[in-house]
Every structure is written in structure tokens, then in C-alpha cells.
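To keep things simple, chains are lettered A, B, C and D as they appear, and every chain counts its residues starting from 1.
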């Protein structure tokens, strides 16, 4: 390996020339081909986020129809068949196609910027992951539009989703959608872990990693260990349905509770895949708007990790009424209660930071306040359902529906909306409108609480979840109507957000690199960031590098300026150790995703599809890894 | 008793209209049995604690917004060391308090579980089998001549514990009568057991609580808690065959039933109708509702149900049997005579 | 030219759509009397599944033993004494046949008989795989209808 | 923002081995998630076993010989795998090519025996839940075996082209060895579950 004679190092160029040169090397051409082949984490992250928001829209529309149906007793707007498909689509979409992907991909966009590198660890895997996710989501919704929407609920309990009672191909589409989204979810988790472990800017030791990045890392680890559970169980389900295995057939030695164990072993941590990144967003917003460093950094990191561990010991609290032994159930009550402690620590630390801070009450911080108010309700009702005796009354009623919407909307969507207002200027270079932002916040706050608080009472009044209608004599009509009105207001708040985004993209105030005067590295990049993120990789000596030195960014020199190159650093101390090249744009991830998707889709109809599909998938993967002769491949 | 006092305090404190709405014949907050009372007491205790915690958090947030800052330094950065130390102590103590509260709640919950656990052998045993979308009830007895079957309406004697064996014929269902007891799943291939005891006579509504397919919404049941004497009278009556029709119209109705499609799925004791896949109709006229609580049992409703079951309960396994209006009248007359 | 391709593609898409919609239709209402050929029952997974439910409930296996045959003829092979078309099977169930097959016209409704007939067709693997039922949650008695090998052409047969 | 160069990294190497390489960490992550899958599948096996009245459930004992031969073949491949990893670290092209060809053969051999392993389970996947979970575990491991052998074949082809001389390819070879270790080690507990646990009862 002789040194290439023509190689250029960045030390030979001034900032302007270097930036132009790297922008060309890392850039994505504004062509169709460029769009299809890009491996830039920002391009992919952005389209991932837009796609997830599109699925939010679809899932939201399903919810709107459900709310309209339940707005009055004995309503005939939709029948049981469509209603069952609607709530299954709503749950599956929100969990698998919106919440988990959007949290993961905000990390895909932000983590490289926050840790001072130029791309994620495996950019082509990232592109592949997006395409597989897109195809999986589209497949599920296409199936719904041809009357093949799954109808057994987002947790698809057997035997209702099994071969005998899950009639037609509906549950097969559900089970295979799981395969797509888990494939993409796991791929992103691997990228995030390796990116955070090995690509941090020099000097970003473990105790200088931004809390959002910690949250993304903990989430990625949870995904790594929890998602295989649903892969295993959904594979068993589809085998039961398609080739006649007996995993869940009680008459031949199987057991329907095996499904529940496996599903909830994944399903409970999944709530934390959504919630933990949201806490990361909160921990990013609070310092910027209080002008204070986060109080209790170490405690916060330890609570994130603690939550990550405890989340794996809770799954049985979804099965308290299945008749498991009481002693075991008591253990799971204790562990479910215990997970409230790390959440409590986080809330105490946030309030402690706000306490002495110099507050700037802009929209992102408003959403943080809304988050705390709503999430605490969800957390506390979580403590209630963790108690076995109380759960026997509220399990599978609207009380639980209220509970998890407080946790997921209050605990994750509110921070997410705050995060959108916070980072939008970084993504698009323009500020969102503050006035509309306040409208957005208050409508969301009022609409959300009107929609979901009455559900607590409905559940206690005996209303089970997943009913497509109810008789007038039950007396549930009034509260349900209130809830429907609240839901409409909540929908309105999203329309305000869309309006705000459209206005801002056309005529928003230009943001500048660091409009909030925040301290983390993403604000050192331009808004929107250049394709290479950083022309020179920053050197970090503080948890809030931009606060420590607002004028000058210390950087390293000596990297190549003629190829896509990133800096690999050590795990703990982030000492530079290797200059590794980063892959070029390529169409192969798209092709690989395409053939994988077709194979999986065909396997819904015949198991032989896996055999036929293996060859094209193998060819696509070989094409992906085969070097093309660029500088990036040969170093 | 503590829980009871707390409950009344909370009741006073909370908006009373919401609470009035909470009481009803299918409400967890209107207990009519010791078990349900324990559960409600525990619920109110948890609610009180949680409400206090939430109010404190919101109060803290309001103070954050309103308090004057000692030092409004413009430069971003850390707190002063003495503030840091003070905060660390406060956050640490709050965490400890959280842990203590959670321990107390865990203990309370465990204690309540023990309170509501009964020994499993009782005089009266009823096997409840969940079906898509109705409840099959079998009153079991060592002596087969004392055993009988019925559907959707469970009669129990007040004050006596009754063993309820829970099974399912097709998919998972869940047995839940909130005024009397929390829910328990009915799982194909498994057996669960509950002990049901009503302490006040009354009519309580229950509903399937595990999503079970198209008509999950219309799978409800009624529990009639009766004084022991009334229950015994009811039980004896159930053991008898169906009433023999006298009026000609009813005899016509019986012939339609016994020789037509009805008898394929339904049984009527004392006749040739012995279908087992649908509800037993021997004493149908005594029941308060039709189709697992979907309609009140009136001749008009029954006629509507027979004319087009799928319009009333889309997806039900009850088919629309074609017959002339006169035949349907006769069938209704027969069924409404099955006292 | 390209317009022709687009038209062809559109018609293929439309027919796929129809196939899927038809397969998954849950038709609860009884069709008004004078119901047509009954062909649509064997294209609808829900009807076939309901037919299977009725086949078990009516204890058809008492004679036909899960289609393997016993006192009554086997239903899984390609030999059909009274014809293997759905209309012919409907007739056999509806009116009964000599040698012990009872008439069900008074014991089941028309719709139910069509559903059972559609299911019987699936036992012989005459239906599309994505319409035929999967295995039951019960003791197994051979491959599920959706996994059976396609039956060969219908052969007229005489009672043994 | 103004920048100030405070450090020069031009002397750093362009590829690293083991924990210094991104792909090594990627491989490790994938191994972790696959381990999670194996453990859950094994958990399902044990769960069904504890619920069954007897194990094997209504079936003769599986014939362990094909499985044992696969285990022995896989273990026999370990020394060469270790050597290949060392040669890759030392970037010795000739030895690496020899080792890769050897690993291809040592990978295909157990795959051939694997074909005979399925029938020797003495039960079909659709007979009962015991059969289902036996086939599931064996299928899961076979999938890993096939993908890694496929990967080795492609990598071997690559190392015989001019692309093979890039330093990072040697790192890829050593990561492939790392993954093979995992495939071999994962087999041992599954082998025990499939063939010896049913013999315990």
C-alpha cells in the first residue's frame, strides 16, 4: 500500500476551499439518481422522518374515524369488520411505523452531528433500512386499502390471529410487516451503537456525550435485545398460519401464552424505545432554554441505563389476568413499580435544572412543560396498573387506553413536537413561527387532555377497549363525545404545525448556525448542515463545547480532502486511532431492499418464496459489498 | 378502613358529577362484593397518593415559572457549587421518598391480593365457557340429574362463594363483572378459576374484556345475585324440562323450532331439539336479554332478531332462517312461552 | 403504445385489487333470495372458514371423517359420485343423496349450505391457496386445506 | 465559527483490526442480536418442554449422529479459522487465500451433513409443537450457517481479485473469522437442546 501520489490533506487548504471541496465529495446530486443512491445520514434521516410523519397522518386518520364512530352510542358509521381493522392499523402504525422509526431516525440525523462526525457507521445499511421500512409500511397500508388490513389488534393475540380464527391473509400481512420494520429497526440500532462507540470527536469521553446521544444509545441496545423476541414470535405465527406448525396450538402441545410472553418481552421494552429518546430530547431542550448545564448528568445517564435494564423485567404485567401464579405476579408488580424510580430521578433533575435557570419560554420549552404535566399522569396511572389487584379491574379497559396514551403522547409526542420546534432551524435553516407554535402547543395540550382524560373514567365505568360500539343505556355516551371533541382539537393542533412548517419553509426567518445559543456540537455546523457536516472534525473538551468557547472551535487537521473519510476513535476516551474511509453513494441498498421486500411479500402466499428469493438477495448483497474501485474502497 | 376514609375524602374532593357517572351496573367503583370493595378501596388509595404526587409536581413547575432568580447571569453555565449541593440533597431525598412510596404501594397491592384470594372448593360450581360471542354456563353437580346448562345470565345466591371455572371454546375471552370481581382470562386449552361472591342482591352487568373478534362489543352477561331461597327456586326450575305449549300458535312455533334449522344448534329440554353449538333455550323466556345482552328480551325484539340477526349483531353465527312472518310470529310465541 | 401498456397494467392492478377484496369480504347479510350460482362463496376466505366451522358443528366428520371418508365417501380425493362443482355439492347437501346422506335444507339455511359446499371444495384443494383455511387449533388429522396438493381433475364415480 | 487546528492526525493508519475497526463492532452487534434470538428460541423450546407431559412429545428420540458429525466438523474448522485470522492480521495474502479456500470447504461440509439432520429429528414440523420447535431451532442455525458460508465464498472470490490487496479487506477477513466462531459456538447449546435434552427425561 504505497501512498497515493495525488493525495490531498485538509491542512493544505483554507476553510472555504476545504468546505467547497468536501461538500462536493460528500454531496448528493439533486437528481433522481442522486435521490435513489444517496447514503448521507441527513438525506436518509430527513426522508425517514417525513415518511414516519406520513404514517402518523394515516394512523391518526384511522383514530379520527374510530373517535367519530365512538362519539355516540350504537353508532353505525363503521361496522365491526372495518372498526377492527382500523384499530389494528392505528396501533400497528403508531407503534411500528411511526413512534419507533421516528425516534430512531431523529437519532440517525442528529447523532453524527452531535458527536462531531460526518456520517453514520454503516451508511449503506442505513439506506437499506429506510427502503425496507418504506416498503413494509406501504405494503401494510396497501393491504388495508384492498380490505386485507390486519384485524386482530396490534398485539395479534393467538388464537384470534392464528390459522383458524385469523381468516384470510390479514394477519399474514401484519406478521410480515413486523419482519420489515424489525429488519430496519435492528439495522439502525446497530448503526447507532457503532457510531456512538467509535466515531465520536476526539476528546468526547463518555462523560461528555450529550444526553440525547446517551438516550439514543440506550435505546439502540434495548432494540438489539428486545426486537429479536418479536421476530421470533411473528415468525412462529406466520409458520403456524402458513406451514402448519403448532407453536400456539394447545391441542398439539403448543400454548397461546407463549405468544404473549414473547410478544410482551418485546412489547414492553418497545414503550421505552419511544420514551427514552423523548427524554433525550427533553434533556437537550432544557439546557438551551435555561442557560444552565443539566443538573445531575451522571444520575440521568444512570437512570437511562437503569430504565433500559428494568424494562426487560416488566413484561408479565401485561398478563396479570391470564391466570399465572400469584407469587410470580407479585415479583412483576415490584419490578414495574421500581421502573418509576429512574423516571422519577429524571423528572427531579429536570425540575432542578429549571429551578435556577434563566428561562426563555419559547415553544420547545412549552412542550417540555406540557410533557412533564402529562407524562406524570401517565407514569402514575402506570403505577396503578402495575398493581395486580387494580389491574384486574382496569386491564383491557379504556383506563389502560388513557394510561398508555398519556405515556406515549404525553411522554413522547410532546417532547417530539418540542424537538421539531427546537431542531427545525438546524434541518432547514429557517425558524418556525413562535405565535403559531404557541397555538400549536395550547391546542395540543387542551385537545389531548380532553380526548384522553375522560377515558380513565370510562374505563372505571366498565367500558372495555376495542369495542366498535356500545349501548346507550351504559351511560358512556357523554364522556365519549367529550373525548371525540378533544380528539378533533388535538388534530387541529397538528394542522397548525403543518401550516407552520409550510409557512416557514417558504418565508421563515433565517436561522443562522446557532439560533438558540445552545451548547452542543450540532449547532457548530451550518444550518442546514453541509453534506460533510464538519469540514474539520472538532476537538471536544467540555460537555457543552460551544458554551465553553463560543468564538473558536478547536479542530483536528491532517485528514484527506480527496475522499469520504471519517475518524475512528477509541471507545472510552475517544482518542483518534484510525482514519477510515466512508462508503460512496450506491444503488445497491435500494436493489437489496427491493428484492428482500418482494421475497417477504411473496412468502405471505407461499413458503417457497424464501427459497426462490435467496438467490437474488444474495446477488444484491454481493453487489453491495463488492468494491467499485474508488479511493474509498481501496484504502 | 383507612382506604375507606381516604375514599370518602377523595370523593368529596373530586368533582361529584364525574363520580356519579362512575357508579352503575358495570362499574369498578360501585362495589357490591367484599372483593370488589377491596379493589375499589385499593384503587382510591393509589389514586389519592398519585393525585398528591401530581399536584406537587405541577406546583413545582408553577414555582419554576414564577420565582425570581437570585443571579441572572447572562453567560450559560453551571450553578454555583452551594446550589449544586443543595439540589443534590433535595433530589436524593425525593428519590428516597419515591422509593418508600412505591414500596408501600407494592405492599398494599400484595396484601390486597391475599385478601381477595379464596380457598377453591365451594358448594356451587359453575363452568363458564366463552364462545364467539356468548357465554355458555354449566351448573355442575356430582349428581348429573342436578346439573343443567344455560347461557348469558348467571344466577348466584347472595352471600355464598361460588366457584367459577373459566374456559374458552375458540379464542381468548375474559370474564369480568366489575361490581363483583376483577377480570380473569378464559384461554383455550387452559383452566382458570375465580371465586365469586355477591354481598348485596342485585343485577350486575359483565362484559367480555379480551378482544375476541367481530362481536366483542356485544358479548355481555348478567349476574343475578338473589337471596338463597330465590336462587334455590330458580335452580330447581332450571332442572325441569321446558314448558309444554298449549295454544295452537305456540304448538306451530314448537314444530318450526324442533323440525327446522333452530334445533340444529339450540337445545330445549324435554323436546327433540338438542343442538349444542348455540345457547340452551330451555327457559328462554325467563332471560332478560337476547344475544348475550344485545337486546332486551321482548317479543318485538325477538322478532327483529330472528328476522335478521346480522343486522343486529353483524358477524354473529346465528343465521337468518328464512320463514314467513306468520311462522316467525308463531316461533316468537313459542319461545316467549318457555318460562 | 405506452398507453396500451398503462391500460394493461391498470387492468392487472384492478383485477389484483378485486381478488384481494373478494377474498377478504365479510358478507354478513344473507343475500336476497334467488341467490346466483354460489361461485362467490368459494372465492371468499370468510365464507369458507364459516363453512369449516359448520362442517365441524354439524358433525359431518361423523361420516366423512375430516374428508378422509368413513361411512360417507371421502371428500379429499378427486372422485365425485354426484359431481364436484360447488353447485353439485350444494345439491348433495341441500337435498341429500341415496345411501345415507341426509338432506340439510331444513336444518341449515341456504347461505350456510353454500358455505359448507365451498369448504368441501377446499378439502379437495379446488380453491385458491389464499382462500382455503389453515390448520385448526385442535388435534391434527392431516394437512390443512391450504397446504394440500392440488387435486387432479374431477372424476365421476359410482357409489361403492 | 472560526476554527483552530489543535492536533494533527495525518499519521493515523487507514484501517484497523478487531476493536479498532467499525465492521468488527458491527459484527459484534449483529452477533448480540442473533444471540438474543437464539436465547429466545431456546426459551420457547424449554417453555414448551415444561408444559409437555413427556419430551419428546409423541415421537421417537431424534437420531443424534448427523448432528454430532456437524458439531465435530464445525469444531474441526476452528484451528484453521484461528490461523486464518492471524494470517489476515499479518496481511499475508498467500496464506489468507489458502485459509479462505479451506474455510469454504470446511463450511460446505457441515452444510451437506445438515441436509441429513432434518429427517433424523424423527418428527415433522407439522406433527406437534415439539416437532415445530425442533425444526425452528435447527432452521435458525442453518440460516446462519448458510449466510456465513455464502459470505465466505464471496470474500474468497474477492481476495483473488486485485481488490483483495486493500488493507481493509484483511480486516474483513478477520471479521468473517470472528463471525464463524459465533456460528460454531452457537451450535453447541442448540445441539444439546436438540439431541441430548430429550434424552434426559
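The definition used in the following text is that contacts are C-beta pairs under 8 Å (C-beta built on N, C-alpha and C of every residue); 3 or more make two chains touch, one makes a residue touch a chain.
Quick caveat, the model's predicted, so the values are computed rather than measured.
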Chain pair with more C-beta contacts, A-C versus A-D: A-D
How far is the middle of chain A from the middle of chain D, if each middle is the mean of its Cα atoms, in Å? 30
Chain centre separation in whole Å, for chain C relative to chain A (CA means): 45
Roughly how many whole angstrom separate the Cα centroids of chain B and chain D? 52
Report the inter-centroid distance (CA atoms only) between chain B and chain C in whole Å. 38
Junction residues of chain D - those touching two or more other chains: 126-128
Flagged in chain A as touching 2+ other chains are 81, 159, 165, 240, 243-244, 246, 249-252, 255
At least two partner chains per residue is the criterion; list those residues in chain B. 188-189, 214, 314-315
Dump the list of chain pairs that touch, please. A-B, A-C, A-D, B-C, C-D
Residues of chain B defined as touching chain C within the complex: 188-189, 214, 259-261, 263-265, 277, 308, 310-311, 314-315, 317, 319-322
Okay, in this complex, where on chain C does chain D touch? 135, 140, 143
So in the complex, the part of chain A that touches chain B is made up of which residues? 79-81, 84, 152-153, 157, 159-160, 165, 250-251, 255-257, 287, 291-293, 295-296, 299, 321-323, 326, 329-330, 333-334, 337-338, 340-341, 344-345, 347-349, 351-352, 354-359, 361, 369, 372-373, 376-377, 380-381, 383-384, 386-397, 457, 460-462, 464-470, 474-475, 478-479, 517, 519, 544, 547
Name, in rising order, each residue of chain A that touches chain C in their complex. 81, 143, 146-148, 159, 162-165, 167-170, 240-244, 246, 248-252, 605-606
Seen from chain A, its contact residues with chain D in the complex are 1, 9, 11, 15, 121-122, 186, 189-190, 193-194, 197-199, 202, 224-229, 231-232, 235-236, 239-240, 243-247, 249, 252-255, 258, 261-262, 265, 513, 524, 536, 539, 551-559, 567-568, 571, 576-581, 614, 618, 622, 625-627, 629, 633-635
